[in-house]
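In what comes next, subunit A is part of two complexes: it sits with subunit B in the first one and with subunit C in the second one.
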Partner chain A sequence: MQLVTDRKNTERPGLVLAGRFDAFETDAFREAADALLAQGSSSISVDMSDVIFVDSSGLSELVRTMKHCREAGGELYINSPSDPVRVIFELTRLDAAFTIVDA
Partner chain B sequence: MATTTEAAPPSAALDSLTSALIDANDRLLGLLALITDEAPTSLDNDVLITAIVERAAPILELDHVAVTGAARYSWGEAADDAPGRWSSTHTIPDQGEAEITFFRRSARFDTGDTKLLGAVAKLISNAVTTARMHRAAMDQAMMAKEHATAARITTAALPDPDKVPDVDGVTVFANLVPARNTGGDLYAWREIDGALWFALGDVSGKGLPAAVQMSTITSAIEAGFRQHHHEGPDAVVDAVGRWVHTRLSESGMFVTLAIGHFDPTNRELTVANSGHSPIVFRRDGASERIDATAPPVGVIEGIQVIPTVITTEPGDLLVLATDGFTEQDNADGEMYGEDRFDDTIALAAGDATTVGEMLLAELAEHGKDREQSDDRTLMVLHFS
Partner chain C sequence: MITSDLPAYRVWAEQPLTQPPKYSVVIPAYNEAERILPTVGAIAVHMSSLGEPWELIVADDGSTDDTVDLLQALELANLHVLIAERNGGKGSAVRRGVFAARGDVVLFADADQSTPIEQFGDLLATIERGHDVAIGSRAADGAAVANKSMLRKVLSKGLNLLVRFGFGVPFADTQCGFKMFTSEAAETLFTYQIVDQFSFDLEILYLAQNRFDMKVAEVPVEWIDAPGSTVDATKVAIEFLRDMCQIKWFDIRGRYARANHVRPAPSHHLRAIAS
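Let's turn to the complex of A and B:
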């Protein structure tokens, strides 16, 4: 997996995920997301357009981050999820819980 | 040419020779102690190195020993400007290079000293390697123990797969195989007033935390069956959802959960699906998904799960599995896949056990030579 933090938009800094997002990758994601929250961001956008696979550990990290954003009065935005990610969101109905933004 | 050097008086020469011999003897004894003394019982890095350094220091009049790089250690007070300073570099397996430096304030190290220092450094690097291999073995043993504990918790929380509830008009089969690093799968079943209640789910996460949550959530499902059986599966899902929400709201942990009910008096099958997949209903050679109507429990409050109600006919099948089943990959990295799952069920013949064992055999063939990376669970209901 690749993970890049994009701080250009200070209101809503972004994380760009690519590749597989599974149990092996969740620590790096959590660290990056917690760093943004600790720096005072209440909203985070996560670009998932190049994610090829997400499992329940990856989903769980997204849910955790979503909860923390909402507690801080913000929101977790999921940008342009790739088809495999979209399928999982639809199967689990997590699309009803996440705020999904399409480019 | 007149000589300018005077021979030392015989007695002084003897003194010097004797002292050199005693020195050499001390060194030999010291070296012997280094090699033959009993090794410390601890396999801690620092204890092992200190045992060596404390034997070597008096022989070589060392003031300070430092290990930097792949291993870190320091003995004595820093003596950076000491005239005696000698280093060597050693490779520690899987860790990289460690540099060992000896310092002596009293004098520079001579050729004899450096030979001895080389031997001491080698002993230290061997000790670091031993300690590191010991740690790796300990970590591995601890992980194996954690995995075993998680598997025990999982097994204890599950119903006995051979004690199938006896309900008219339906046969049931269930099989759960935990992965080496337990994945939080669960199932439950119970007969209440002649009707069948069943559940299948997956707690997000892995290892001991997932196993512990899986165990408590199984209890919450059992409690839900008892308290809400006059209502319906959606009421049980709601009850488990409230329970999970009050306890796990801080973490991102959630549970994909399907709760079902079969009433043999009117052959009505009801399934409430919160975020779970795959669930397949098969009639007349055609399979159809029972999709989730709400996100997994624990994600968000206030989204109502809408149950699916089917009046069953003889020969109908309901098959529930977890993602560990459909995502099992083969030697080429291809997943078993949801489409193949649906197609196989469409054509499956026989009662619940026959269909269940056929699906398990097919998956075993697909996943042979590959380690199972997630728990996998299968439940089959065959209606007659």
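Let's turn to the complex of A and C:
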């Protein structure tokens, strides 16, 4: 998986993911998300337009980050999820929990 | 212009097929409640994007967790869940799935997406070139393997040498959980199958190669070791050796001279799908 932190939007910095988001990748994601929260961001955007697969570990990590954002008074935004990611959200009923933003 | 695969997926998810499927995908599942839904999602989107009628069959293997309930709650029109009363082994689950499959081409794929479904086309191209069986291979030239432990690499290599030179199955990887068959080859091979456990793939390839003289090709695939795998590599290696001897013994004793299973008749088959 590729993970890039995008700080251009200071109100809502972003994490751009690509590839496969599974248990091998969650540590890197958590480190990046926690760093943004520690720097004072309460909202984070996660671009998942180029993610081809997310497993239960990746989903758990997104839920965890969403909770931390909300505890800080903000929100986790999922930007333009790819088709498989969108369907995985639907099948796991997480589409109702996440704030999904389409470009 | 970016095209979306979602409309095709929605049709597949909501409208039962009105014609026989061209492709069947069989997933054996034992206590896969944590992993099965993302796998179904990824497979459903990719397969629907191909533009051909297809069906997904999950052959439960006596799961004691919520695997079956989760799948049935999806209410996907072309997902069929086969329920087993007890755990009979991966080989028995795949056989039930293959016997229920109606497609011209049958793929069996592991529940963990360790071989991404995007490799379907590579195996299909091999079948369309006239092969009876196309097997995903983590050891063929061009394969990409990620996160496999050193112990598993060493055991795989050692066992493969035995398989190739002591067992008469000339493939670099017999155990990858991503194999495609023509419907005729699938029915024949699984009718003669005896081994219900982990090594059933080895038996299937042994039969294809040594009893039925089928055209089998290895296709290099991308493979990512499934996080959270509970497979004990050493234990599995010992069982594999035992099964290898057993398959030879079955052959010597003539156990492959006759069919060992009967594919259920269509009416029974439809009831099984409905369950």
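We take it that the second predicted complex is superposed on the first by the 103 of 103 C-alpha atoms of A that agree within 3 Å, B and C clash if a C-alpha of one lies under 4 Å from a C-alpha of the other, contacts with A are read in each partner's own complex, and residues count from 1 in each chain.
Everything that follows uses one rule, which is that contacts are C-beta pairs under 8 Å (C-beta built on N, C-alpha and C of every residue); 3 or more make two chains touch, one makes a residue touch a chain.
As the structure is a computational prediction, the values presented were derived from the model and not from experiment.
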item: Superposition on subunit A - do subunit B and subunit C clash or fit; value: clash
item: Partner chain(s) touched by A:83 [first = subunit B, second = subunit C, both, neither]; value: second
item: Which of subunit B and subunit C A:65 touches, first, second, both or neither; value: first
item: Contacts of A:56 with subunit B and subunit C, given as first, second, both or neither; value: both
item: Which of subunit B and subunit C A:92 touches, first, second, both or neither; value: both
item: Partner chain(s) touched by A:20 [first = subunit B, second = subunit C, both, neither]; value: second
item: Segment of subunit C intruding into subunit B (one of 8-16, 152-160 or 170-178); value: 170-178
item: Subunit B/subunit C common contact set on subunit A; value: 23, 55-57, 59, 91-92
item: Sites on subunit C touched by subunit A in the complex; value: 4-6, 9, 34-35, 37-38, 40-42, 44-46, 49, 74, 113, 116, 118, 146-147, 224, 227-228
item: Subunit C partner contacts - residues on subunit A that touch it in the complex; value: 20, 22-24, 52-57, 59, 83-84, 86-88, 90-92
item: Subunit A to subunit B touching residues, read off their complex; value: 23, 55-57, 59-67, 91-94, 96-97
item: Subunit B residues within the subunit A interface of the complex; value: 183-184, 202, 204-206, 249-254, 256, 274-278, 291-296, 298-300, 303, 323, 327, 374
